[in-house]
Amino acid sequence: MDSIFSMFLNDYYIQVLTMLGIYLIAALGLNLITGVTGQLSFGHAAFLSIGAYTSAIISLKLQLPFVVALLAAGLMTAIWGILLGYPTLRLTGDYLGIATLGFGEIVRVVFLNMKITGGALGLAGIPRSTSLTMVIILVFITILAMFRLENSRFGRSLIAIREDEIAAEAMGINITKTKITAFALGTFFAGVGGGLYAHLIQYLNPQDFGFVKSFDFLAFIVLGGLGSIPGAILGTTVLTLAPEFLRFVADYRMMIYGLLMVFMMIVRPRGLLGGVKLSRLFAKKKVQTTGTSASGGAN
Amino acid sequence: MLSQQILNGITLGATYALIALGYTMVYGIIQLINFAHGEIYMVGAFVGVFMITVFQQGLVVSLAAAMLACVIMGVTIERFAYRPLRRSTRLAPLISAIGLSIFLQTLMTKIKGPQPIPFPHVMEDALYKLGPIEISKVQIIILVVASLLMAGLHFIVKYVKIGKAMRAASEDYDTSALMGINVNRVISFTFAIGSSLAAAGGVLVGLYFNSVSPFMGVTAGLKAFCAAVLGGIGSIPGAMLGGLFIGVAETLGIAGGFDTYKDAIAFTLLIIVLLFRPTGLLGRPIQKKV
Amino acid sequence: MLEINDIHVSYGAIRALKGVSCQVDQGEIVALIGANGAGKTTTLRTISGLIRPYTGTISYKGQDIIKLPPHQIVNLGLSQVPEGRRVFTRMTVLENLEMGAYSRNDKANIKLDIKKVFERFPRLEERKGQLSGTLSGGEQQMLAMGRALMSRPTLLLLDEPSMGLAPMLVQEIFSIIQEINQSGTTILLVEQNAHMALSIANRAYVLETGEVVLSGAAQDLANDPQVQKAYLGE
Amino acid sequence: MSKTILEMDNVTIRFGGLTAVDSVDMKIEEGTIRALIGPNGAGKSTIFNLITGIYPPSSGEIRFRGTLINGYKPHLITELGIARTFQNIRLFSEMTVLDNVKIGRHCRTKAGFLGALLRGPGVKAEERAITEESMEALKILELDHKADELAKNLPYGEQRRLEIARAMASNPKLILLDEPAAGMNPQEKQTLMSMIRKIQDKGLTIFLVEHDMKFVMNLSDRIMVLDYGRKIAAGSPAEIKSNPAVIAAYLGKEVG
Amino acid sequence: GGGGDEKKQAEGEKAATGGDTIKIGFLGAKTGGHAAYGVETLKGIKMAVEDINTAGGLLGKKIEIVEEDHGSKVSEGTTVTQKLITRDKVVAIIGDPTTGITKAAAPIAQQNKVVLLSAGAVGPGVVEIGDYIYRDVLLNSVGAPAVTKYLNEKLGWKKVVVVTSMNNDFSVGLTDLFKEALIENKMEIVGEQSIQDGDQNFAAQVTAIKDKNADGIIFTGYYTEGALFMKEVRKQGLKSVLVGGDGLMSDVFLKMGAEAVEGSMFFCGFAVDETKSSDKTKKFIEAYKAGNNGVQPDYFSVQGYDAVMLIADAIKAANSDDPEKFRVELAKTKNWEGVSGTITFDESREPIKSPVYLLEVKEGKLAVKDTIEVK
């Protein structure tokens, strides 16, 4: 199938699209944690790196098949998600975000100091096993999984936690357990994304997984519309492709990219597709959601 | 040795504290982690260098000019990038802030080039002996200026009504307006103060470390933010305490042989503190009332 | 004193006010009653400048206030006890009262007024150092009322001041409203407790789905069979 | 009489120096409607918070159908069969009315994230049942026609009713209502009263806090009065109405 | 691999049909943390291209540089590499200045049979990636042992402090090599400190090495941190001098360090000393200064310049701009005189630069302290 792609697309587009697919998987994971469950995570890139290193080391040291490496990457990342989540998920709002930010930086520093990850020299020579076909399939699986998760008893409890923790608990939801499950699931997808990333780029360096990248992921989902699957997809696509499309402005590229983020946010404060739900897109009856602010507002 | 390292830590911490104050004040009022704040600090440092080299001004004038320039910048940013988002989800202005931070950083790279530039030599490197420790002239200046600025801030917030208005506005814009508070002005004022302190921090750091670079805001901003949270975000004394705490801890960490983990020290401390005091050292505990 | 002329307000697609007009004269107590969602709160918020109507005029003492920001309207002597209490939960009871006097500068008198509030609501004095977020519902309501009085308003807008108060306090609140009124403050009162509201008001307006459907002397309205059925529960 | 469903034995809670609930004893019999009244700040909501596990008591014992539930987490207490509404409405405002009630079914259903991912026939059947039962609860509170509306777009009175429907959905044995009639007009209060009766007829026990005396006196079998955290009276509506201590502390004058 | 040949033809409209330019890609950062290295490399590259084009071009064609920024991100580095190869049809890529991104980009170049010549990657494991991969740097594995031996034998150093920048692969690699050499020369490491690229504050590290009584400081990082580190050293009243690798070679080091770096030494593949430099080097330095307000060129710009020249000479020798052909000529490079030194590619295509110059800061200028021949 990859050869079919390469008949229509050159390698550059394939590379860009594969990268986009990987980011989509990870961003959808973050959307589950932050968008759906309302738990701020500023450390998503660190989870991506855990998955990336895990899979890379498995491929390099144990020579196991790629699928095994990917699965292990997801699981290992989920385990770390749980280990981090357990103590920190009782923190609320921004404090949780900050704890995850801190965790992310610690992970980076640890990878920088570890022998098996190659430290600052990085880890090279990872086989290029990631293909566009495989990424597309995994993106679809991720979207389906996210859709099913969200539209289920489990998903409802996540949204309830986001909306009002105290009421959710009073309705019989085990807050801690549910949050941690959401965290584990979200980080699992980050881990899988990381595994794909490692086997696409073939070289890993802790510096590439700093907090700036974590905020990239956050920007993807907020700009797309928090909690909305189509939103996360659109946001990720726009922000991943924008730097490529902006190449023609050469040296002003990142400047324009930064302003574009500000501008898009101001024009669509609830995100490009804020409030749009996949289930509603397909439902026959359209339910109107109303804006929260008054026509004029104060000042 | 130890006392020398503590002094190093306090000086570093004082600069963190200056930046942290801006984070904490802005957060305190609009619950925004103003990620462009590190960039304001960076611009402040560049304005300082510019004043000294191009206009041949002394340190005091340059410091004042940098603070003024950043006040204008901070207020403008708030007006155009954050105010339109005030009533939307809390993460919207955060993304706007990240976009701005990318913009300012690349803009400065474009203007001044990516290379760090040396901070002009405005004074002798004099060393004074204080018992077992040596303190440099720059360190004295940093400590004095930082203390004066923080004392001034403390005064404004404590004894001038604006402090209370800031707290009220942080909770509820509409009801604050019903109290006769000009919410927009209070928020602009907050950005003005925070930005001016960051600019001061930028100039002092330039002076202390002898260089300024378009990327200096990234790590310093992150550390300062960490300091603000550690102290209890929203709390002004907390930001000062957090800044000093991280400055000293980091310095002692290096001295104690954990230098390779330096950047993790601040965050490890932060997480530990948060686990035991979920709202930071001086943060008010969250009251749960149903 | 206050004249509202044909104001229209909408929240997105919802049209909350469809041409509301009413007036309040110096020294009066005017009641605004109506079912849930009729637009009473919206009317008060519009008067205070928190919401901009897309058409209509509001004038206060002959001055057009529709373009003024809320804080300037407050400085003209127009105060409001907002619906749902809206106390500053992370500030203490005392600090909340001080916030009420934000636009005043006469320190000595402020102290005196705080004392007066405490006399009216002894419960608040007992709780003066407590964070108001942890007050009981009724205590918060008392605080909201006390806070509005601290600005020494000439026109006071009250949005359901008796909600959640114990019966004894409901009586107390209404007598306080009368008392404030007698000492020279004009009052526009929104109430679910139409019975009590009509008993102390001079005039009243009945609002239904964003429109004024009835108005007149409070006494007359209280005796109107339609009103009795719909709002007095008789 | 029938058996006791909830029992409080010498329950006290302190916040710093303040004793919000002071050595309160109480027994509620199954199937009755019990009211709790008292001045503002007397500790009524706090008692609800103690029963539902939001605060652990400083001392004393709380028993639900014989089980000691002190210090249980709120979600476990709900599972045992106590549901509540809140004085300040706490709906899941961005969710639809139906989804709000479905959350109420949470503790009576099982499917976890694996079930969600795999969507086996059992999960689908369970989901169908959840929808049905939720609609049932909405019907009792006459909200079924608004099932697809977002909760935040409901008028105040309907939001209060939705809270009750949501609580009902968890199949409780005991339901705690904190000022259910607040902010309602007389007409709405009337309908609410009949709804509460309907709920009682389904075999539930009701424990309510309310300041509207007409509402309380009409509805409740027995009333307990609290002042400054202490129980100052308990008895039938008629007894309470004429109790001088209650009149002095709370009613101000006799109500009829 | 080559599955996309027809499509490459179809896509390449101008590039394939025109053929009046030879396209060389620049891979590096113009924004983000590594921007300083990318921008400097690009300056050197552009000077070389101008020199060639004004002298009539190459094989009768002009050289065109396709520059792309990857923002210092590894992932974007690979995307840029793909783009340069498939969209822009470059015959060679110069870059990345850092080892990390070079390692990520190299497999793509190798697979697509495009020459990649890094003007800055000194870390291990670069040219091993394939026979299309080259670099024109002075290998640390050549410089570090030579200098260490010199320190021991000529300057009589016995005890040193080693300072490494932990997030800089150049520095981490160089430290390892220095340590080996120190052991070999029976010298003692009395203190070790680490810093990070981007740090500005070194007070704690300097205080920690203050009482170690070392003969000198071996500093393996780059110029900015090197200069600031020495500033702090002097500020705390310490007299030691600093020795490092060619990562220190920059005007920034001299300007920012001022008196503090006086006496500092580092190894380098070429001499910048006005009296000892080769004519080529001298000419380059003059030209560079003229275009950059009198600023001295650094390690990245000279190597960027040489990278273009090396490729151009290989193309000339092969009389073809087909990478498959000119890479063979490139591999044969022997005693090639560039502005960054004299280069020979050994049998494993690693560059050997000999002699190694030990430069010293003297009165604010660089002077050759000694010339060390290596085999």
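Every chain is named by a letter (A, B, C, D and E) in the order it is written, and numbering of its residues begins at 1.
Rule of thumb we're sticking to: a contact is a pair of C-beta atoms (placed from the backbone, for glycine too) under 8 Å apart; a residue touches a chain by one contact, two chains touch by 3 or more.
According to UniProt, the chain labels map to these proteins: A = Amino acid/amide ABC transporter membrane protein 2, HAAT family.
Quick caveat, the model's predicted, so the values are computed rather than measured.
Novice: What is the minimum number of touch steps required to go from chain C to chain D?
Specialist: 1
Novice: Max contacts between which two chains?
Specialist: A-B
Novice: Taking CA centroids for every chain, report which one is farthest away from chain C.
Specialist: Farthest by centroid: E.
Novice: Provide the C-alpha centroid distance between chain B and chain C, rounded to the nearest whole angstrom.
Specialist: So the centre of chain B lies 42 Å away from the centre of chain C.
Novice: From the C-alpha centre of chain B to that of chain E, how far is it in Å?
Specialist: 36
Novice: Using the average of all C-alpha atoms in each chain as its centre, how far is it in Å between chain B and chain D?
Specialist: Distance between chain centres, rounded to whole Å: 48 Å.
Novice: Counting only Cα atoms for the centres, state how far chain A is from chain D in Å.
Specialist: 40
Novice: If a residue has to touch 2 or more other chains to count, which residues of chain C qualify?
Specialist: Touching at least two other chains: 14, 49-50, 69-70, 134-135.
Novice: Quick one: which residues in chain E touch 2 or more of the other chains?
Specialist: 30-31, 33, 166
Novice: By residue number and range, which residues of chain D touch two or more other chains?
Specialist: In chain D, residues 45, 54, 86-88, 90, 153 touch at least two other chains, as defined above.
Novice: Residue numbers of chain B touching chain D in their complex, please.
Specialist: 288, 290
Novice: Show me the residue ranges of chain A that touch chain B in the complex, using the header's touch definition.
Specialist: Listed in rising order, the residues of chain A that touch chain B are 34, 40, 87-88, 90-92, 94-95, 97-99, 101-103, 105-106, 108-110, 112-113, 166, 211-212, 215, 218-219, 222-223, 226, 251-252, 254-255, 257-262, 265-266, 269-271, 274, 292-293, 297-299.
Novice: In the complex of these two chains, what residues of chain B are touching chain A?
Specialist: Residues of chain B touching chain A: 27, 31, 33, 35, 81, 84-85, 87-89, 91-96, 98-104, 106-107, 110, 173-174, 177, 183-184, 218, 222, 225-226, 229, 233, 260-261, 263-264, 266-268, 270-271, 274-275, 278-280, 286, 288, 290.
Novice: For a test of understanding, state which residues of chain E touch chain A in their complex under the given definition.
Specialist: Within the complex, chain E contacts chain A at residues 3-4, 7-8, 11, 30-31, 33, 67-69, 71, 73-76, 78-79, 82-83, 85-87, 99-101, 103-104, 107, 112, 123-125, 129, 166-169, 171-173.
Novice: Would you mind writing out the residues of chain D in touch with chain C in their complex?
Specialist: Interface residues on the chain D side: 15, 18, 37-42, 44-45, 87-88, 153, 155-158, 179, 182-190, 211, 213, 249-253, 255.
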